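These notes concern the structure reproduced below.
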Amino acid sequence: MTNFASDNVTGVAPEIMDAILRANDEHAAMSYGADNWTDRLNEKASAIFEKDVSVFPVISGTAANVLPISFLTPPYGAIYCHETAHINTDECNASEFYTGGAKLIPLSGVHGKFTADSLSAGIFGKGVPRHSQPALVSITQTTEAGTLYSLNEISEITAVAHNHGLKVHMDGARFANSVAGLGVSPAEMTWKSGVDVLSFGATKNGAMGAELVVFFNKVDTRELEHRRVRGGHFLSKMRFVSAQLSAYLDNDLWLRNANHANAMATRIAENLQKNPSISFVHPVEANILFIRMPRGLVCDLKAAGFEFYEMSTDDPTLVRLVLSFNSRIEDVDNFTKIAQKYS
Amino acid sequence: MTNFASDNVTGVAPEIMDAILRANDEHAAMSYGADNWTDRLNEKASAIFEKDVSVFPVISGTAANVLPISFLTPPYGAIYCHETAHINTDECNASEFYTGGAKLIPLSGVHGKFTADSLSAGIFGKGVPRHSQPALVSITQTTEAGTLYSLNEISEITAVAHNHGLKVHMDGARFANSVAGLGVSPAEMTWKSGVDVLSFGATKNGAMGAELVVFFNKVDTRELEHRRVRGGHFLSKMRFVSAQLSAYLDNDLWLRNANHANAMATRIAENLQKNPSISFVHPVEANILFIRMPRGLVCDLKAAGFEFYEMSTDDPTLVRLVLSFNSRIEDVDNFTKIAQKYS
Amino acid sequence: MTNFASDNVTGVAPEIMDAILRANDEHAAMSYGADNWTDRLNEKASAIFEKDVSVFPVISGTAANVLPISFLTPPYGAIYCHETAHINTDECNASEFYTGGAKLIPLSGVHGKFTADSLSAGIFGKGVPRHSQPALVSITQTTEAGTLYSLNEISEITAVAHNHGLKVHMDGARFANSVAGLGVSPAEMTWKSGVDVLSFGATKNGAMGAELVVFFNKVDTRELEHRRVRGGHFLSKMRFVSAQLSAYLDNDLWLRNANHANAMATRIAENLQKNPSISFVHPVEANILFIRMPRGLVCDLKAAGFEFYEMSTDDPTLVRLVLSFNSRIEDVDNFTKIAQKYS
Amino acid sequence: MTNFASDNVTGVAPEIMDAILRANDEHAAMSYGADNWTDRLNEKASAIFEKDVSVFPVISGTAANVLPISFLTPPYGAIYCHETAHINTDECNASEFYTGGAKLIPLSGVHGKFTADSLSAGIFGKGVPRHSQPALVSITQTTEAGTLYSLNEISEITAVAHNHGLKVHMDGARFANSVAGLGVSPAEMTWKSGVDVLSFGATKNGAMGAELVVFFNKVDTRELEHRRVRGGHFLSKMRFVSAQLSAYLDNDLWLRNANHANAMATRIAENLQKNPSISFVHPVEANILFIRMPRGLVCDLKAAGFEFYEMSTDDPTLVRLVLSFNSRIEDVDNFTKIAQKYS
């Protein structure tokens, strides 16, 4: 089977598994993050982001979203995001839960992106007791459509947010793929464009289960620590999470893995772009492709052992592919070869 | 000043104030609802709704919404409502709070109403762990646009809801005005059309502060009692709330008051409908009018002592009038007389 | 029937009912507290407390407790109170609900009071991520045992609290009876003794349903306003609540009513104190008496039409009497007369 | 350094690390638990417990507690546990958070155990709207004092619970050490003694981060799945958690590891029991020892590289040792040798 269903079906990158094994050999000073791996994450992330950041390791993408979101949003607050954002549609009310009942306000927009204008139009009610109080904007980068906000688009959104006193969160479950896709620096895509806090994903890009919350301004992290405990996300053997992140940040592993995944996606897109029976629903800018193809091809690919999402029973010609750090070029080429039969 | 800003700026109807005074003369057996007024609300409501109902008196519209909503929606659930619904825009996340973090899913639709089709299109994710679980539909009748769902529209919506296993709540803050406007029976507009629970408003229609939650199927009300206490809505001198509701239900006071308010709204609509400088943004079907009028008229009316909402600083020719149980015909006619100058 | 079961079974004091009727005659400028009664509460309370205070009217004792408590306690916080405190045993988890899950830490102590020492011993875990963070102390004055903390006891408790960075809340559902009982000024019993916020009860002492939250330091009340809305405690016809409180604060009505209730309790205590078959479980310091009496006397009193709480089926000789602003001296004397038969 | 501070400072048992590596070699069908390891956990646990159970893998002890607790306790409910229980003192209000505000009622009792009688005395308020509704009892086995409830003690407690309609949860973070310590079967210590749901710990006994929730009666696990997602505990690469648990349940690894840890604790206890300068604060029944020793010995042991908890700065002669699956006999014997100097 060749699994293009999601980048979260993959295993663990060898560099990360090595780090886990090494962490097991050493004896941590103490549990709950009082260890060398955890201690040094701040420093490593600060180097990558060219700024003195505060970081928090957690083990799931949802945890990496809801901890900073609940830190920045009061229970009577409102959170703006794209209507297809993971926090809005795929985390079963986790943001509402952790904030104590804040409201998510979904914004629409093509290719998984909302605009600064639609954000601006959606903000209202500030200071009026009966209205939810605008508190946070969450940008998903890479979007659920596999597209990317440009630096300019991000800056426009964060400017609107900051003008209204809102903070800006970036859901970067596929942050590395975005940096790779835009060809910019991590600093440029975040704090230099006005992002206040980032959920920096690792799991989809080679970790076993590890994500890093990155605050670009110094915050009183003690509140976050309490929130992490009460969420059940304070692991005793935290060093195994930190060891994963440590290896992920070392030697640009995060970026190399993402570059490979993106290159594989691009290869499929380029190979198929002249195929008249195939079209792309969204621009291919990172490691995800939404492809409309003949139903027969869908069946042939499945029969050949390819696994991928069929987006809807109502629309059986629309599929999603996600390429990964360990997708193999021969599988990619075999995929396109089968597709040629339908050109 | 003549206040057409909202029906909640009015005072208390004389019949209801009399009931409050009488409740003060008697000595209640005990506090917390163990009194004659509270005891008999079930029976009075059952007569009006032609069905054996379970009722709960509370003191605010928000409480009347969130208690049944939180009873019927798990914290991982989803609630469907019109995007302009009071529960979505004017209760500062009360539904999210009382449910423990359920998600409100806003549906669009003209004149403050969503359709059965848009509801049907919006329901998804049943049984999938990462998706909010569809749990409840909330219909606002009278809508925030002052319009009414027809019996047929209600039935179509409730059919979709029940097919998907969702319960149906009706936010009837202006329930009486709806019954008056449609000219149907309370039973027809609720359980006979598939509504499971109603927030039956009294405050806007002559009470001091009293609303009645009405369940059309027998429920285990003990859970609701605990939820009422923890919300801070269990009043020791509950009999003064129940006395208001008792007078409100007696002798069709609720319907008579609503008929008057609606008649006053209709009178304005009819008087102004031939006026070419004035238009109505939504059909006038109950006691609320959204009127577009020359800016000069807005100023003249304010100068003449009329109070009403200007809907937006961006759109200074759009105003909202709400007529009440005690709006006076001479004020209504004076209003239209001033408007004639602009015809 | 003569009802000594609780001070919350009584009706409304005539001065307060008059204020309600007057509020109905006037036309409030607008709803939701934009009215003269609400406007002037701050000023009236500031005069009584000899300090520029911030006030919030609400309609229930639970609301008056949980709004300031949730304002001052994070969801990962801990609240210290006596194990018999109303917030711990009689509000069905309202404090846990409104705070988003803070923990109540019950302290024991005789006669319904905990000491500064027991508080000091109970505070721990500050700064440790896995421990609830000490945030608030709540003193019930008058206690559930009908006793009073002396000024000295309050000051000792608030000193411990402030030394540890905790705020101090006073649940004053029977605040007036406490001021009357101690013979001190409202200022002395609150901010001069270190109390940060007070729930100043009116319902048990002659109001229909009204309590006043009083902050002794200027706070940003906007957050409280949002919290009041999402709790469903923002009433459209708020002026009827404010009118009650206005009358309550005027001309020392609050104190006169409390003085009467206390005097009636003292009269019973003095009349019965030499009766060898009767004993008082707690000192009688306000308007509540816990009396141990022969079971025959319990039955005789019930037969004579007296209503009061029997505290436990396991202990049928223990009863609680609560005297009220409108308890009549002849009923009190009739009570003691019946008791003489058992001396 | 020899670390006896806690069993959660240890690394990963070799059998479990092997399973993780094997899980990485295979290609899971899909993410989010749709894999062979997760599928077979139910079967493996059912064999161990001699009953058809429903299981849920999670990654932290707190998650393993709060998911079943929030499934079984309504927001207006009460949870009874020992005052020193982990859920009460070490999870920063996680149970209050996940239940939406339920109340934990702490019971006292020597050696970390409460009795059936103290539970019985603590249950009250059933059916009364203003009281928290008794919903759940949580037994910590092994207790925080390192002691064990006997089968008889458990049965007495669960009988009281069930008589009052409460469910029984067992916090088995050190469940394996309890089974080893009592020498009974897992079935005997759980459902045969009336336990409804177990948090079966693995992390402290050799896993990297894995715990198993075990329901002894068939439950509708769909609600739990939604609760797991909204808590952020639904991992995409769940198979690495399940692989750990799989290895843990295979070939009695859980029991062998626990037997070793207990044996090491017993060895210390036996070696030191005749030492007159040393006393044990609680019976040593599993893998934890609370030892009172001369302050000089505390210092000598630290100087010799032993790490352990000093329980309180106020009481510098009280220390806690926790022995682990990989504690070495030579370290244990070296520990006791140093202690001999003080005999």
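Chains here go by letter, A, B, C and D, matching the order in which they are written, and residues are numbered from 1 within each.
Note that a contact is a pair of C-beta atoms (placed from the backbone, for glycine too) under 8 Å apart; a residue touches a chain by one contact, two chains touch by 3 or more.
In this text, all values refer to a predicted model and were calculated from it rather than measured experimentally.
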item: Steps in the shortest chain-to-chain touch route ending at subunit C and beginning at subunit A; value: 1
item: Fewest hops from subunit B to subunit D - one hop per pair of touching chains; value: 1
item: From the options A-B, B-D or A-D, the pair that copies A-C, where over half of the contact pairs coincide; value: B-D
item: Subunit C and subunit D: spacing of chain centres that average the CA atoms, whole Å; value: 42
item: Rounded Å distance between subunit B and subunit C, as computed from the means of their C-alpha atoms; value: 34
item: Contacts with two or more other chains, residues of subunit C listed in rising order; value: 32, 75-76, 91-93, 97, 100-101, 129-130, 133, 226, 229-230, 234
item: Touching residues on subunit A, where the partner in the complex is subunit C; value: 32, 74-76, 100-101, 127, 129-130, 133, 222-223, 225-230, 234
item: For the subunit C and subunit D complex, residues of the former touching the latter; value: 75-77, 89-93, 96-97, 99-104, 106, 125, 129-133
item: For the subunit C and subunit B complex, residues of the former touching the latter; value: 1, 3, 5-6, 8-9, 11-12, 17, 20-21, 23-25, 27-32, 58-63, 65-66, 91-94, 97-98, 203-204, 208-209, 226, 229-237, 240-241, 307
